[in-house]
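I have placed the structure first, in the form of structure tokens, so that the comments after it can refer back to it.
Chain lettering (A, B, C, D and E) follows the sequence in which the chains are written, and residue indices restart at 1 in each chain.
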Amino acid sequence: MSAVTELLQQVVEGVGSGAVYASLALALVLIHRFTGIVNFAQGELAMISTYVAWQLVASGMSFWLALPVTLAVSFAGGMLVERIVIRPVQNAPELTMVIVTVGLFIFVNAMAGLIWSFTVKDFPQPFPDGGIDLGGVRVDWSSLGIIAVVAVVMSLLYVLFQHTSVGLVMRAVAGNPASARLSGIRVGRVLMLGWGLAATVGAVSGVLVAPVLFLEPNMMGGVLIYAFAAATLGGFDSPVGAVVGGLLVGVAETLAGAYVDVIGADLKVGVPLVIILAVLLVRPQGLFGRAAVERA
Amino acid sequence: MLAVDGISVRFGGITALDGVAFTVEPGTAVGLIGPNGAGKTTLFNCLTRRCTPDAGTVRFEDEDLLALPPHSVAGRGIARTFQNLGLFPQLTVRENVMVGAHSRGRTRHLAAALGLPHVRREERELRDQADDLLRRLGLADVADHPASGLPFGTLKRVELARALAVRPRLLLLDEPVNGLSHGEVDQFADLVRSVRQEFDLTLVVVEHHMGFVMGLCDKVVCLDFGRKIAEGTPDEIQRDPAVIEAYLGVAA
Amino acid sequence: MSTITATLGTGRARRLRATLTTLLAAGVALGAPFYFAPFQVFQLTMVLLYAVALAGLNLLVGFGGQISLGHGAFFAAGAYTAAVMLDRYETGHLATLPVAAVGCFLLGLGFGVPALRLRGLYLALVTLAFAVFLPPLLKRLEPVTGGSMGLTVDKLQAPAWSGLAEDQWTYFVVLAVTAVALLLARNLLRSRVGRALLAMRDNESAAEVMGVRLSLHKTLAFAWSALFAGVSGCVYTWVIGFVSPDSFSFVLSITLLAGLVVGGLASLYGPLLGAAFVMYVPSVAQDISDAAPGVVFGLLIIAVMFVAPTGLAGLAGRLRGVAASRLTRTTPPAADDRTPDSEPSASPAPADPAPVDAEPVGAQPRTEKD
Amino acid sequence: NSQRGQDDKDAAADGACQGQQTTGITDKSIRLGGIYPLSGPASAYGTISKGVSAYFKHVNDKGGIDGRKVEFVVRDDGYQPPKAVEEARRLVEQEKVFAVFQTLGTPSTAAVWDYLNKRKVPQPFVATGASVWGTDGDHLWTSGWQPNYIAEARVYAKYLKEEKPKAKVAVLYQNDDFGKDLLGGFKAAIAGGGIKVAAEESYEVTDPSVSAQMTSLARSKADVLLNITTPKFGSQALAADAKNTKWNPLHIVNNVSSSATVLKPVGFKNVQGVVSATYFKDPADPQWADDAEMKTYQDALRTYAPDSDPANQFNAYGWAAASSLHKALDAMKCPTREGLRDAVRNLKDVKVDMLLPGVTLSTGPDDAFPIETMQLMRFKGERWQLFGKPVDTRKEFGPLAK
Amino acid sequence: MTEPATDSTEAAQATAEPDFLKVAGLHAGYGQARVVQGLDFSVARGEVCAILGPNGAGKTTTLRALCGMVRGRGSVTLNGTELLGRSPEQTARLGVAHVPEGRGTFNDLTVEENLRVGAHLRTGRWRRDGRTERTAVAADLERVYGYFPKLRQRSRQAAGSLSGGEQQMLAIGRALMLRPSLLLLDEPSLGLAPLVTRELFEIVRAVNEEERTTVIVVEQNAQLALDVAHRAHVLEAGRLVLSGPSQEIREDGQVAEVYLGVSVRSGKGG
């Protein structure tokens, strides 16, 4: 294998893991667009959704039937979470909301352990085994599949944000809920919709990554950290940013871990940190985020 | 005292200020009027280093104001109020006013943490001064109330008190009487007149309330589309056709 | 006139009450180690030392409005400073405190500078990334830090003259450190500097116009807050006698922030309540459910936030407010009182569950939620 | 009304045992504590306590240990050392346990062992394989149980020396004491031979996956992959190896990740020929289905811990450790803490039914590792097949250096 | 300059539906602060009603109670439907539009987006008349731009960067986009230039006359408010101290002194 193909192989690897981060980052961006907070429980909700899918498949349902059912259940679950857990603190300071999601994280994680135990579950791979060989660089079908799905989700979110009235309403609610109410927007429903959609996108993420990461209650913990990094880098407002951020983080981390000896695999998490810091110092709103409008 | 020369500010395609020039003599009150979006607030923002003009100079007592870092403007004796209020909602009224005295305080972090005697002395002094001001502006009984939740008119006075706490020589008021009823406007005008005398203030006032402006100011500058369209005494301005056309409308 | 005498009266009463409360608290704090079992004394010690870290975080988050999800890193820096000094140089415990304090102050200063550019969420997540990065870094620096096995060092020992047991002695030392730290924090916040921080949090732009030098105060807020966290970490080493990279995972940082919010942001004694929550509630959770303490713990966090959206300290304030209004309701309302503030309800507007969205008083346009 | 101070000395033991500590033990009962992560990121291991509890309940129902009913108090430390200290002190000072049986994880154990040794409270059979537990002369009240990671590494080294004396080895390891101990032990054991470590990659437990590391390792084209991981990452590494058809090293997976529950999700067809070593019976492995002890275990678990999965190897681990403690308690000369301390350090070829045939408990005054024997196994079809003789690393390599 | 509404039209409207909005025993406040203490008044359909009063009298609080932003006790019925106890979004759906004190613009939305949010209720996706409504909304957008040409120039600009007066225009425009049956204006002239203020009241009058929109306006510029209003109420310390047709209020000695002043605001008609 030549040095170039090796490099390309590492890049492909990085893109693969970057797509994983991006998938969850999309859900984070969605929640942020709706509510203006970061949701620490996002990964755990995705994990629960994945368990739902697993349970359905384990009880004999075909994967392709289980998938839409899971997405529907996740949507309803996300709305329920908003209604039961978030709504009561909706008028509280934002940090209170964030800490509630931390509590939710702990709760959901422990609950999954209680119900499904911590043993690793196998999850059906929706994409074919094997891969294709592009001039010595091997690309797995599963990676390609993840990338494709992430691209589709990203495009859908982009359209939702930019070209639908829901997107407009959503931004209005996130920006100024009181005024949104005065315009007759049912803020509660919009927020429920937001959480439902985010949970659905999260479920897609969970189902995509479960075959690769293997399903267990802590599956999404590490992904969440990287998804945060991806969303931060890309700007918390933009689905495109989330994906670009995810890919950048994935590739940079993989290459640094593989090629820069001082960094090595143990310190490679520092690489996205440095990149994020560098980018934010130049663009405080992230690569694709919108700058805050400020007037005295 | 203040000399503004050729100030231009552009935001993207919008020209908010376009070569504005005027001067303010010590001890006078200058009114700044003009239609909505004419650039009055933007001008204030330049004077307090909230935004940096693309061209032009601002001199305050022969010092280049634009070369100062934003936080030292207060120390030079310039204070302002904000059009849409710029109070600290979670602080009490007294604390709001005491923040106004920030530039006059000398306490540093370490001394503050150690609670040294001179720190406490300074704190007491500032507090007494603030209380004086509050009493002066009839705010004594709301001193311990957080700023949020007070009526708009009260908040306007709190802002004035805070600005006065800076001990300014130049005071910039951005629409100080909007939201006040007629009687209150008169009271406010009296108040401004008396503090002006007492603190030896030079004033620049942005206001759409003509009675207030004309009654208070020695000179009025009118902006439109970022350009100065007129300058003169209140009487001249009120008769100026350009001003009537762009701003006042046909006088009744 | 009558209002003035009334406020004077209440002022004196309040001061008296404050003095009494302080004396009572001091008495309880000094007597506790003689009353409680040693391990309970140990728990109290831990509460006190976490309170120092939370007070530091409060300075930054509660008062300064800058969110840090990486304070565990400063805590770890303090803890490792102490451990390395004790392990390598056998400096004795007390010598480690100033070094940890100054070291973390400088570290915080270094961090405060880039933090100037970052806002809200972005700052929070960058600091989180830093906290995630720390354990592997500590492992990598094995020659100094002892790598993943960590360092075991001597705990504080009671000098013979004191006649105290080790736990009691440790408790008193930590109590002293905490008292000093909380006092420093209080002094800082009740001064020009503290007001500047609060003003910046509420309205940056207006604060700057009033002469507050944003960069200075923000950076120093970071540095002070790191100093407190570092002192807390240093004391941690004295008490636990063991540091390892996995003791300081990012979970610690998140726990600290959660403790602070649960205790009450921008409250002077919120950190103590938060520290007690962090310390005791996991055990309570286990007492409730052995099978999955995490389930209960998560629920308890959520429940506390439901009941006290502004934190436990706010809850205490609100309860007092309710009690006060009960009392005042019996007195007839002053006739034709047009000042709205004669009501003694000066509690700083806790999030009322009623959907009153009082428009922020001239807060600058917020497009970015932080 | 100070509650401080000494443990009750009233129930003094008699005879030679005069003056020894009898806290937590009477003629009728014995009180033990254990500290596990029931919450937090490491809660997967919390279930070990279920296996332990089930064992003691099972024994209690059969009359107890030498007539004493065992009370087992489990505390949760969330895998945080300060919490472990708090809980250890609660157990000793408030719950007044006889011994702290098992603390889980190296950080937690390291955080409490000074305290326990100073208080002279036995800390037998800690649930971590770091090599310090058995080699430290200052902590006589503490002992290991599972084969220490160095011993395990030695087993693999010996195997490779015999089978592939010129092997190039790629190593994937968890970046903590466990991974480093095992890797270090392995390197020490192959030193001077023809076997070389060609590549090593670490991961953090907080990493989402090890796929990037596996790609890097694949570049080394090594003949052997030594997989030093915990279960989830074990599955990931096995899957990544299986997926890469261009690189087919001999895959050695360490014991922690060798359970059938780890291999099954990868697909049995993908893990054929994988080698590992073990010392206790894997409840998920069908070869033990008819084993008498295994049946007892399964029944007991179903009775006493109905919501935990008997096939989970950690339950069996707890069970095996608890039965080991049972043997040590049986061997006490005095029913005192000192008695237990001495008994733990004086085990001679004690058989425990949950351990593999040929694996026994042996300790000495300087050796607090009861188990240093492991047997190699290879995965074939749907089960592990033991091969070769149990390897007693003490005999082969000598005692661990301090 | 402008004719005050004649008594005859007022009477005609009042008899048509005298109790279009009926407020009875309204109490409202914040936490323990009781601000509005027992208001009774009604507004007929198609009427413009002005509320005057000193600072802190509770005018804003009254409007907030009407639209559901603060909780109130008592009874407020709009066309027979009880409003109290409803959330702002529900009252908005009943046709109440509120221009709040402090504007409440969506700062990171553009001007046009702000206006579209205002029309959100009318273009609901699943409404059958969606298409015709959408053209109507487009027409209304033009109308608002016609009223406030400044907004058209700024239509792609983020609302947060507008000048104070421009934001006020936007807030009013957004409320108009709702095509409300009851329009609540809280100090609409705040920050507007004299010329625009006068135009604003012309717009209020036009909207009221063309669409028979009922309007309640809280305004410090009593002169102008009384010009367009049919009736007026004076609120002090949470209680109504004076009510009546605007003409009468205008002639009330005390009101004239406190709210109208001897010298009227220059440049404003009267």
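The rule is simple: contacts are C-beta pairs under 8 Å (C-beta built on N, C-alpha and C of every residue); 3 or more make two chains touch, one makes a residue touch a chain.
For clarity, every value in this text was computed on a predicted model and none was experimentally measured.
A.B. asks: Just how many steps, at minimum, does a route from chain D to chain E need if it may pass only between touching chains?
C.D. replies: 2
A.B. asks: Would you identify the chain whose Cα-based centre sits farthest away from the centre of chain B?
C.D. replies: D
A.B. asks: Based on the averaged CA atom positions, which chain is farthest from chain C?
C.D. replies: Between chain C and the rest, the longest centre separation is with E.
A.B. asks: Any idea how many Å lie between the Cα centroids of chain B and chain C?
C.D. replies: 38
A.B. asks: How far is the middle of chain B from the middle of chain E, if each middle is the mean of its Cα atoms, in Å?
C.D. replies: The separation of the two C-alpha centroids amounts to 30 Å.
A.B. asks: Measuring centre to centre with CA averages, how many angstrom lie between chain C and chain D?
C.D. replies: 39
A.B. asks: Nearest whole angstrom, what separates the Cα centre of chain A from the Cα centre of chain E?
C.D. replies: 44
A.B. asks: Give me the residues of chain A that touch two or more other chains.
C.D. replies: Counting only residues that touch two or more other chains, chain A contributes 106, 110, 113-114, 175, 178, 181, 225, 266, 269, 290, 292-296.
A.B. asks: Spell out, as numbers or ranges, the residues of chain B touching 2 or more other chains.
C.D. replies: Counting only residues that touch two or more other chains, chain B contributes 41, 48, 50, 82, 84, 86, 149-151.
A.B. asks: What parts of chain D, by residue number, touch at least two of the other chains?
C.D. replies: Touching at least two other chains: 39, 41, 43, 175, 204, 206, 307.
A.B. asks: Using the touch definition up top, name the residues of chain A that touch chain E in the complex.
C.D. replies: Its residues touching chain E are 165, 168-169, 171-172, 175-176, 178-187, 290, 292-295.
A.B. asks: Taking the complex as given, what residues does chain C use to touch chain B?
C.D. replies: On the chain C side, the touching residues are 3, 183-185, 187-188, 190-196, 198-199, 201-203, 205-214, 220, 224, 266, 339-342, 346, 348-349, 358, 360-364.
A.B. asks: Which chain B residues qualify as touching chain E in the complex?
C.D. replies: By the definition above, chain B touches chain E via 11, 14, 34-38, 41-42, 83-84, 149-154, 175, 178-186, 208-211, 214, 238, 246-249, 251-252.
A.B. asks: Can you list the chain E residues touching chain B in their complex?
C.D. replies: Within the complex, chain E touches chain B at residues 1, 30, 33, 52-56, 60, 101-103, 150, 154, 157, 161-166, 168-169, 187, 190-198, 220, 222, 257-261, 263-270.
A.B. asks: With touch defined as at the start, can you tell me which chain D residues reach chain C in the complex?
C.D. replies: Those in contact with chain C are residues 1-4, 38-41, 43, 74-76, 78-83, 85-86, 89-90, 92-94, 106-107, 110-111, 114, 130, 132, 175-177, 180, 204, 206, 307.
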